[in-house]
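To keep things simple, chains are lettered A, B, C, D and E as they appear, and every chain counts its residues starting from 1.
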Amino acid sequence: MEKSQLYAAITAIVPEAVTAEGKQFPEVTVTPGNVRSVMGRLKEEPSLSFDILVCLTGMDYGTDLGVVYHLRSYTFNHMVVVKTRIPDRENPAIDSVCSIFPGAEFHEREVYDLLGIKFNDHPDLRRLFLESTWGYPLRKDYKDDVNIVLK
Amino acid sequence: MKSVIEYFKGIYNGIKSLLVGMSVTGGYFIKPGTTLTQQYPDNRDTLVMFERFKGEVVMPHNEKNEHKCTGCGICEINCPNGTIEVISATEVTEEGKKKRIIDKHIYHLGMCTFCGLCVKTCPSQALAFSQEFEHAVFDRTKLTKVLNQPGSKLMKGVE
Amino acid sequence: MEFSIYDFSSFTAWIDQSLRASMSPGLAVAIEMLIIGVVILIFYAIVGLFLVYAERKVCALMQNRLGPNRVGPGGIFQTIADLVKLLFVELVPIKNADKILFSLAPYIVIIASFMAMGALPFAKGLHAIDLNIGVFYLMAVSSMGVVGVLLAGWASNNKYSLIGAMRSGAQIVSYELSVGMSLVTIVVLAGTMQLSEIVQAQQYGWFIFRGHIPALIAFVIFIVASTAETNRGPFDLAEAESELTAGFHTEYSGIRFAFFFLAEYINMFIVAAIATTVFFGGWMPFNVYGWEGFNKVMNLIPPFIWFLGKTGALIFLIMWFKWTFPRLRIDQLLTLEWKYFLPINIINVLIMALIVLLGWHW
Amino acid sequence: MTNQALILFFLVGLIFVGVVILFSGLVAPRSTSPQKFDPYECGIPTKGTTWLQFNVGYYLFAILFLIFDAEIVFLFPWAVVMKEVGMVAFIEIVVFILILGLGLAYAWKKHALTWE
Amino acid sequence: MEVKEKKVGLENEEYIINMGPQHPSTHGVLRLVVALKGEIVQRVEPHIGYIHRGIEKMCENLTYQQIIHLTDRMDYLSAHINNEAVCLAVENALEIEVPERVKYIRTIMSELTRIQSHQLFWATFGMDLGGLTCFFYGLRDREKILDIFEESCGGRMIVSYNTPGGLMNDIHPNFQNRVKEFLKYFRGVIHEYDDLLTGNVIFQERSKGMGVMTLEQAIAWGLTGPTGRASGFSCDIRKHNPYSAYDKVTFREILYTEGDVFHRYLARMEEMRESMNIIDQLIDNIPEGPYTAKMKPVIKLPEGEYFQSVETARGELGVYIVSDGNKNPFRVKFRSPNFVNLAPLNLMASGSKIADLVAIGGSLDLIIPDIDR
């Protein structure tokens, strides 16, 4: 499928989301509440069938937090980027996509560990790498005078 | 009946595969010439490292105790780990101009990851990798080295 | 006094007589005991040290390496150096371990191997204990070491050790049968259980040749099963270093560990020696019927050299197994025993009996 | 003589181990670090007790072992005297083994020989 | 009064064992908490983070050239390919076309890296299953590749050879001869690998039918690399989204359908042969030219987001760079293959025995620094 065609198809499937053609891949920006339904539709739609969760990235945009999903299709070998932004920095939460992509379990635990974003309905949301007393190191406002030394 | 044949076929194939494996190890046992072991501390004299081997960063000096480092600090900026500290001094040249020269080029071997960016980015090729690989010391402070030799000068013609 | 290296019975009888002539019988027996004890102890130590060295060299050569080569010429004193080092290593007392059983375990494995060692016929007359149920005795004593392994694993208060011990139990429970059955096969052929008589019966042909196919099958089963009984690779499930770190001896340190290590090698020697005795004619030289010249040369080699040589060859075979094969899993181990070895073995015994009855053996 | 020798080997083993461990205990160092005495479990403190009731699943094998080990004990005397007593004893043993073999076949059929 | 019956007996008892962080078969500091019942594994729970160094955070304060040396230290057996991933992402962002020579060399180096990684896999997998000799044969052959690396790059494992725009320095004049020598040598000894392990009846019994992942499961969990391809999941980035010189060579994507330990192993064995074929096609045709494109000393990516995935020896490595236009990246995320492949370990291993757990863990070929990052 051509990039523009793909973009059009995606736009048709997820009308509530903001879509952009993007530099590399089509980009879909959704609100945290819509993530699961949008991802579910992207996976189920036979002409798109984004069935592989390649990458799940937690982001700190400075003002708000976010999660970026890279999806790929096994059949068509095309990719889409799904983005969300969570404005609440104090108590960020988003729906888990573990029920759609079981492989997201570790990814989401990692994001929770490093950025403090909670995933609702996650089967086993615990910190993955760090102890419970650590802060959230990937946040831009994270301070650690002992371990981070800048020149 | 078929399963009985399978049973004995399994035994036959199993034993055969085991014998094939034993022939490999047994083969090496009877040709001890194939051993690759190097007698390391004994062969120190003849041991030659590859010329590009990244042992540690050194500053080559010529026979007149001159080096090429101008003290520009590009290596320090490019080092990802803060391995290099350049302490520069100012010198007044014959024409009366103030000129920045190197006072101490400090290299923390304990922090170095041998990425090679300092050597590659040095504008005057003052740094190089030596083939030294025996870095172990008993005292960690010995891993901090001053690369420019005492009393050394900037090589003529290097800006 | 005539003394021949081909027959030690006159030599031992001479020692006995001269001792009895010069002192009271009780003292004579005591001194004889002392001599036997010291000799067997020295022999035990030498065999242990040599086998550890041999294994390291053999595996090194099979793996394209040199092996020990720093202590002494060709590294021959490496094991002694290791032993001295192990003597000076702390004996760590493990928290909450069952102290008595923990320290008892090395005694059991070593004593079991000593008692088995004493019953081996090294040459004619060079035989400390010659029981009329020799085969039976060896079977009983050599499987006693497993009790030590079980104790070690249980007493350590360590989960890996416990699993290792349990595996070892399952293993011995199974492979004891195969060892026994394959020995029955030979007893059928020999008609006796006394080891010296078994060797004597092989004067005109080793049992592995005389019993042809059934004896060969019995030998293969015996060597595999006894490898399993001595907890050696590929049956080293009780140690299984990649699964259980070190299995039953995880918590043993210093010289206590060394005893387990030593016992493993001695047990290997013992099973190889048993196999030599019952299958390969013990200390009998290799003779071919009709080749007189050849036989004469063979007969010149002293019998204990024959014995040790054959044992050495079998030990090499066992080492070869260990350094070639991956480890079996516990259920495969049991499948191998119960679904392959046991049925084959039972039928094998009957075939052997039939052959003996019909006189088809050589 | 034979019985004495048995005791002798027992004693030699006992003394050998005892003396060496005693010597090692005298010359070896002793540490005081409490962590050293912890049981090894990959660097993590052991969770729970070690001596649990522990299902190893070879109960059936143990029973089968008992049966067949007893069989071997019966086979040895027969093996020794087989040449003298001849065919009659052979047929008796065949019957004996057949019965046991049926037992094994039954266990095999019932999947008792698969480790679970 | 109702008396609550307390369950007593074997059914309730779980034997919790820690495998790792100091364990011979976890190849690093992976900690597996294993709940056992007898020898049967009930649950496996990976505990990771023992060597979490925060590479993603560190990257935010480094320039793009400096990031390279960190990627070496993630999957240290695929150091070249990791370097290449970042370099490709940066080059794509800057829309730089690297010289053909660089593409060829990168591809050859990547395939050599793949071979040496699989050799080490073979060596350690054999050791996991108790065949200690495998370890020495595997490392013996790997040494030859490391020598090739050392001669050209100066490093053996941690090479730092790629740099945005090209290579740190040109290949050594000996390079081609050495590679050809190695190929000839390795073709001669690879049959030993099969004789010693692949064909061995004990090995086959232990690995066949263990830790099965079906195609659906593999896709759902996102397994990549030989682990995914053993399940029939066609996920080879080299084939589907070719980068560097992979579009100039013909090679086979190794696919099996069984998805068990044995076929994961077999996929790696076949990949070694396939990699040798790829190198064969390239080694004589390395074009002349510069070894690096012209680059500014300070690289600033235009604002935007860039995603690049490459095929490392263990699967798909994705590099996701978010740039705000500075010389440092705003956010770097590495989608590491091991991290994803570790996740379904519980699914694969529960119900099997301890020895199988070791075999399954070994067949995933995990590199712990890549999981922890």
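Here is the rule we go by: a residue touches a chain if its C-beta (ideal position, glycine included) is under 8 Å from a C-beta of that chain, and two chains touch if they have at least 3 such contacts.
Predicted model only: the values in this text are computed from it and were never measured.
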| item | value |
| --- | --- |
| For chain E, the least number of touch steps when starting out from chain C | 1 |
| By count of C-beta pairs in contact, the leading pair of chains | C-D |
| Maximum centroid distance from chain A, chain identifier (CA atoms) | C |
| Maximum centroid distance from chain B, chain identifier (CA atoms) | D |
| Per-chain CA centroid nearest to the all-protein CA mean | E |
| Distance between chain centroids, defined by C-alpha means - chain B, chain C (Å) | 51 |
| Rounded Å distance, chain A centre to chain B centre (Cα mean) | 41 |
| Length of the line joining the C-alpha centres of chain A and chain C, rounded to whole Å | 64 |
| Chain B-chain E separation of Cα centroids, rounded to whole Å | 24 |
| Multi-partner residues of chain B (each touching 2 or more other chains) | 18, 21, 24-25, 36 |
| In chain A, residues with contacts to at least two other chains | none |
| For chain D, residues contacting two or more additional chains | 41-42, 54, 56, 115 |
| In the complex with chain C, residue positions of chain E that touch it | 15, 17, 23-25, 36, 39, 126-133, 135-137, 140, 196-197, 200, 202-203, 205-206, 353-356, 358 |
| Chain B contact footprint on chain E (complex, rising order) | 62-63, 65-66, 68-70, 72-73, 133, 140, 143, 147, 150-155, 158, 160, 163, 168-169, 172, 192, 195-197, 199-202, 204, 297 |
| Touch list for chain E against partner chain A, complex | 48-49, 52, 54, 56-57, 61, 92, 219-223, 233-234, 240-241, 304-307, 309, 316, 318, 320, 322, 331, 333, 335, 339-340, 342-344, 372 |
| Of chain C, residues touching chain B in the complex | 58, 61-66, 320-321, 323-325, 340 |
| Footprint of chain D on chain E - complex, ascending | 9-10, 13, 15-23, 31, 37-40 |
